[in-house]
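See below for the structure under consideration.
For clarity, chains are labelled A, B, C and D in written order, and residue numbers in each chain start from 1.
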Amino acid sequence: MRVGIIGVGMTAFRPSTPEYSWKELMFEAASRAYADAGVDPRTEVDSFVTCAEDYYEGFGIFDEFTPDQIGGALRPVCTVTGDGLQGLANAFMQIQTGLIDIAVVEAHSKASDILTLEGIIEHGLDPIWNKPLGGHPFLIAGLEADAFLRKTRTSAKALAAVVAKNRKNALRNPLAAYAANVDAAQVLSSPERFTPLRALDIAAPADGGVVLVLASEAAAKRRHANPVWIRGIGWASDSPTLETRDWTQAAYAQLAAEMAYRLAKVRRPATEIDFAEVDDRFSYKELQHLEAVGLAKKGEAGRTVVKGGYDPGGALPVNVAGGSLGCGNVFEATGLHRAAEVALQLRGDAGSHQIDGVRVGLAQSWRYIPSATGAVAVLGAGQ
Amino acid sequence: MSERIKKWPGVELSAADLNEGKVTQTRFRPNAKYAWSAGEAMSRFLAELQNGRLIARTCHSCKRILFPPRMFCESCFRPTDEWTFIQDTGTIETFSISYLDTDAKRIPDPILVGVVSIDGASPKMGMMHYFGDMTKEQIRIGMRVKAVWRPWEERRGSVLDIRHFGPLKEDAK
Amino acid sequence: MTFLDRTTDARRFRQWEGNMEADYIYTSGVAGERFFVALRDGGKMLASRCVACNLDYLPPRLFCEDCFAELSEFVDVPPEGRVAAVTMAHLDRRGTPLSRPQVWALVTFEGIRGGLVHRLLVPPAKARVGLAVRAKLKARGDRVGAVTDIEGFEPVRS
Amino acid sequence: MRKVGVIGAGMTLFRRRLQETGKEMCFEATKMALDSAGLTRADIDMVVNGTAPDAFDGVHMKGEYLLDGCGGYRKPYTRVFTGGGTGVFSSIAGWWHVASGLADAVLVVNEEKMSSCQPHPQSVFAHIWDPILDRPLRPNLIWIFAMEMNRYMHVHGVKKEDIARVAVKNKRNAVGHPCAQLADPNITVDDVLNSEVMAWPVQRLDISPPSDGASAIVLASEDFIRRRKIKDRAWMSGVGWCIDSTMWTDRDLYFPEYVARAAQTAYKRAKISDPRRQIDFAEPYDPFDYKELHHLEGLLLARKGEAPILTREGVTERDGDLPVCPSGGLMGVGNPIAATMGQKIGELFWQLTNQAGKRQIPHEVHTGVAQAWGDLMQYGSVVVMSS
């Protein structure tokens, strides 16, 4: 049975949103998604999946605070403590059981509610082996970037090219929080943070919400919807133990892509996929992820980005909407935002950052520091 | 299950093993601080508490008067329509007589706490709060109560601007 | 946007402060207990051995994450390791800029799966991948049985 | 839709404090479940983890931390979290992994290490409330149970001694459970009624205290079960889940409507039209003794206000007409929130495959229901299983 996306709703991404409580932010994204899908959540939605982590929200049990603003009160709602693409995978499976026709996936960030972001991320480190050392948690990204750059012989210039591309791309995305006309030289002269990463290599946090409405093929047909199909989806985790995981490549993204390609019957991703939205919350991650999902050969992503191969007009447009470097880090909503952008592109609804003639797109996610978990979705337009 | 498995896993520790460091361990207190945006509905709610008033939102679709107020109706899934003030009197829906404080420490004088449905809001809609000016023998479900407000200068825009709910003398209304 | 009433006076928006803080005690666990007692009392590091996979894990584990065997054998970690990845942190754990960057490394050991992420006790200019290092331990009397009993890794030859 | 069966289960001891790290506890329960199903980690396609607040274990993104212990290394792995409802909900998530056709064999692993939090897990319960409406009042978690219990007692005129009978029954049932923390063969109704008052009407022996523990089950498709010639299996014939509004002070707490909705969905899927007649035994969520009664009514196994009467008449005893919590429940075995899957789904599996040993219901049983409850008195998750 095929499963399609029939509704997309997003708020703007902003560094802070004092005018909204987290509930009100979720309500806006949900309202937009239901209007887009033409669906009444109170009578037509069979299942709601929200994606959230307690410490990002500041609640002992955040699941309590999810139903009302998405139309889920006294309805089947659950929290997937994962990123939005994992939530999408679970809604996809629910529909595949045949018992659910229409499902909703929600993810958001109210990062501006957090006063001590480093403290929250640090609290995710292994309490026996890592947390007592007292380092900033981003040192893990610094170490991984070092291992990746060294192994693939990628230059710091390539990282700067990723940042410049994504922040410039965001200038064409009215929802983006951190659009800027930045060039590689500015990135390379920004303050050092976790060598080889500089300040501008690290996506800044943002608030924002994303809601997608999914339907079975039969339900989509009944509603005369023109869905974007979830042709394949996969998710996987490498070791949670920092010391034993693979530091040079994103094994989780490779495994997730293999699963998604198997379901989507994609055999040669580099030729079959027209564009990609991948996690770039640290600049090197975009390159690492492109290689892991098979859209670049090992060691080549860095050279390709420098040559403009991932620009909107390049051979493989990557993060045309601006990525997290341009839109802001929306934490667990990051992956769902990627899927939403791919869906809008495939519908031809991406506005001034629309790319022409795209039929198949890839969305990829990572669960941020300190995880080695990620997901991949292959979306396709038309029949 | 029980028949086939001989050893059930788990190494039990005593409080002393942990607290006196008889097993190796790590201690930590996370730095996890927040300032939640109150947003549209709660900002107004808090401002009105500071004014000594309770405010609700109406939904013209289901005809409910929603308290605590929200900008959307969770039943109709539509934006709510209007602000409306409600009373500061109500009825005890349920209560507890607590000999425990927040840290589960025992206290000699119990806290009276419960849910009050507020007059003027739709039936059963209310808030959790303390009860005062009554004994644990006097408190009962169905009892009529009224907010006892802190003096104006002590109010901060918080549910604590109400000191507690005390008995309502109906004839004095 | 999606509401019927909106405030345009930004001063009216309130924030509410709070936290998610508590005190925690984490036990080292079954495998961790073996490691930290040996570190504290014997000044040495242990890895746990998976016979089935022919692997030695550092940090030691109660179970093989791959074949899922319960691990009960322990072996000594070689005294000398090498730096496999390195970074200079310019911010402390609270995000405050440091006057002198901290050097951090992933240190691996010959024949061992894993390693340790820890401080590298060299000036930033001398921090490099491939450097041969050994653990610098606190004095016996100062060791409590925690990963902080290791002060960091220092070059074998300075 | 593909049929999904439970083919193995395991659990650790439930104790106030265990030395194992959370991931070590997960490993032990997972290994037991795999061994009992005759499988290895290599046979498993996907893994689901269920664990309640990160603030108990004291690890942000706790699901990631526990991953290797759950057998999730280099596999598709997801954590789900619906408060206390996770105790049964994670098995529902496992069910859709298999029923969708994406996986043939799935591990579901639940864990809680509540002893990490000092001085008492109560201190992190302070964070589960709405920060603006509730937290300023510095509520204790037991308060809301006391409020719900009081409302339930008030509406139906229930006496405390009828509630205390649940505690007695479950602590006695737990005597046969090898993992039990709170079994007591000699406890009486008077013991419960004379225990110290915590937050009236809740007394010390009305509550299941916090524990450390983990539990795991293995789920598989019908095809996999046939192919592997697996004998001990119990089918998940119906699942349902439902959450009520966050605004708990706007609801009448005397009846758990969300449990009833979840149960109706599960019964419909299991083709059960008359639950009281068609269901042979139940494992409702019982972190407090009154919750068993409340949930029996929510599960439509008793009319509103009838559950205390059934209990008084012995209907819910292990040898009664409708055995309830034959495992010993949370009241008898312990309450490491999500890990109580061991007494709920685990017990249904063990009873339906005749492996419950000293706890085996003396008469034949074919269909059981398990339920968990959580969040701000608003979450119901229900699973019907049949032999």
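Going forward, contacts are C-beta pairs under 8 Å (C-beta built on N, C-alpha and C of every residue); 3 or more make two chains touch, one makes a residue touch a chain.
These numbers were taken from a predicted model, which means no experiment stands behind them.
Trainee: Out of A-C and A-D, which chain pair has the most contact pairs?
Mentor: More C-beta contacts join the chains of A-D.
Trainee: Let me have the rounded angstrom distance from the C-alpha centre of chain B over to the C-alpha centre of chain D, please.
Mentor: 26
Trainee: Averaged over CA atoms, how far is the centre of chain A from the centre of chain D? Could you give it in whole Å?
Mentor: Centre-to-centre distance between chain A and chain D: 33 Å.
Trainee: Distance-wise, how many Å sit between the C-alpha centres of chain B and chain C, to the nearest whole number?
Mentor: Centre-to-centre distance between chain B and chain C: 41 Å.
Trainee: Which parts of chain C, given as residue numbers and ranges, touch two or more other chains?
Mentor: Residue numbers touching two or more other chains: 2-3, 6-7, 13, 15-20, 22-30, 32-33, 61, 65, 94, 146-147.
Trainee: Could you check chain A for residues that touch two or more other chains and list them?
Mentor: Within chain A, residues 18-19, 24, 27, 54-55, 58-60, 67-68, 73, 115-116, 118-120, 122-123, 127-128, 132, 239, 241 contact more than one other chain.
Trainee: Got the chain B residues that touch at least 2 other chains?
Mentor: Counting only residues that touch two or more other chains, chain B contributes 11, 13, 18, 23, 26, 28, 30-40, 42, 46, 70-72, 74.
Trainee: Based on which chains touch which, is the overall arrangement a line, ring, star, complete graph, or other?
Mentor: complete
Trainee: Write out the stretch or stretches of chain D touching chain C in their complex.
Mentor: Counting only chain D, the residues touching chain C are 18-21, 23-24, 27, 30-31, 34, 40-42, 55, 58, 68-69, 71, 73-74, 115-119, 123-124, 127, 131-132, 135.
Trainee: In the complex, go through chain A and note every residue touching chain D.
Mentor: 53-55, 58-61, 63-68, 72-82, 86, 89-90, 92-99, 120-121, 123-124, 126-128, 234-241, 251, 255-256, 259, 263, 367, 370-371, 373
Trainee: Which of the residues in chain B come into contact with chain C in the complex?
Mentor: 11, 13, 18-19, 21, 23-40, 42-44, 46-47, 71-72, 79-83, 157
Trainee: In the complex, go through chain B and note every residue touching chain D.
Mentor: 1-5, 8-15, 17-18, 23, 28, 30, 34, 36, 38, 42, 45-46, 66-68, 70, 74, 93-104, 110, 113-115, 124-130, 136, 141, 158-160
Trainee: Can you tell me which positions in chain D touch chain A when the two form their complex?
Mentor: Against chain A, the touching part of chain D is residues 1-2, 21, 23, 52-55, 58-68, 72-83, 89, 93, 96-97, 99-102, 124-131, 240-247, 257-258, 261-262, 265, 269, 374-376, 378-379.
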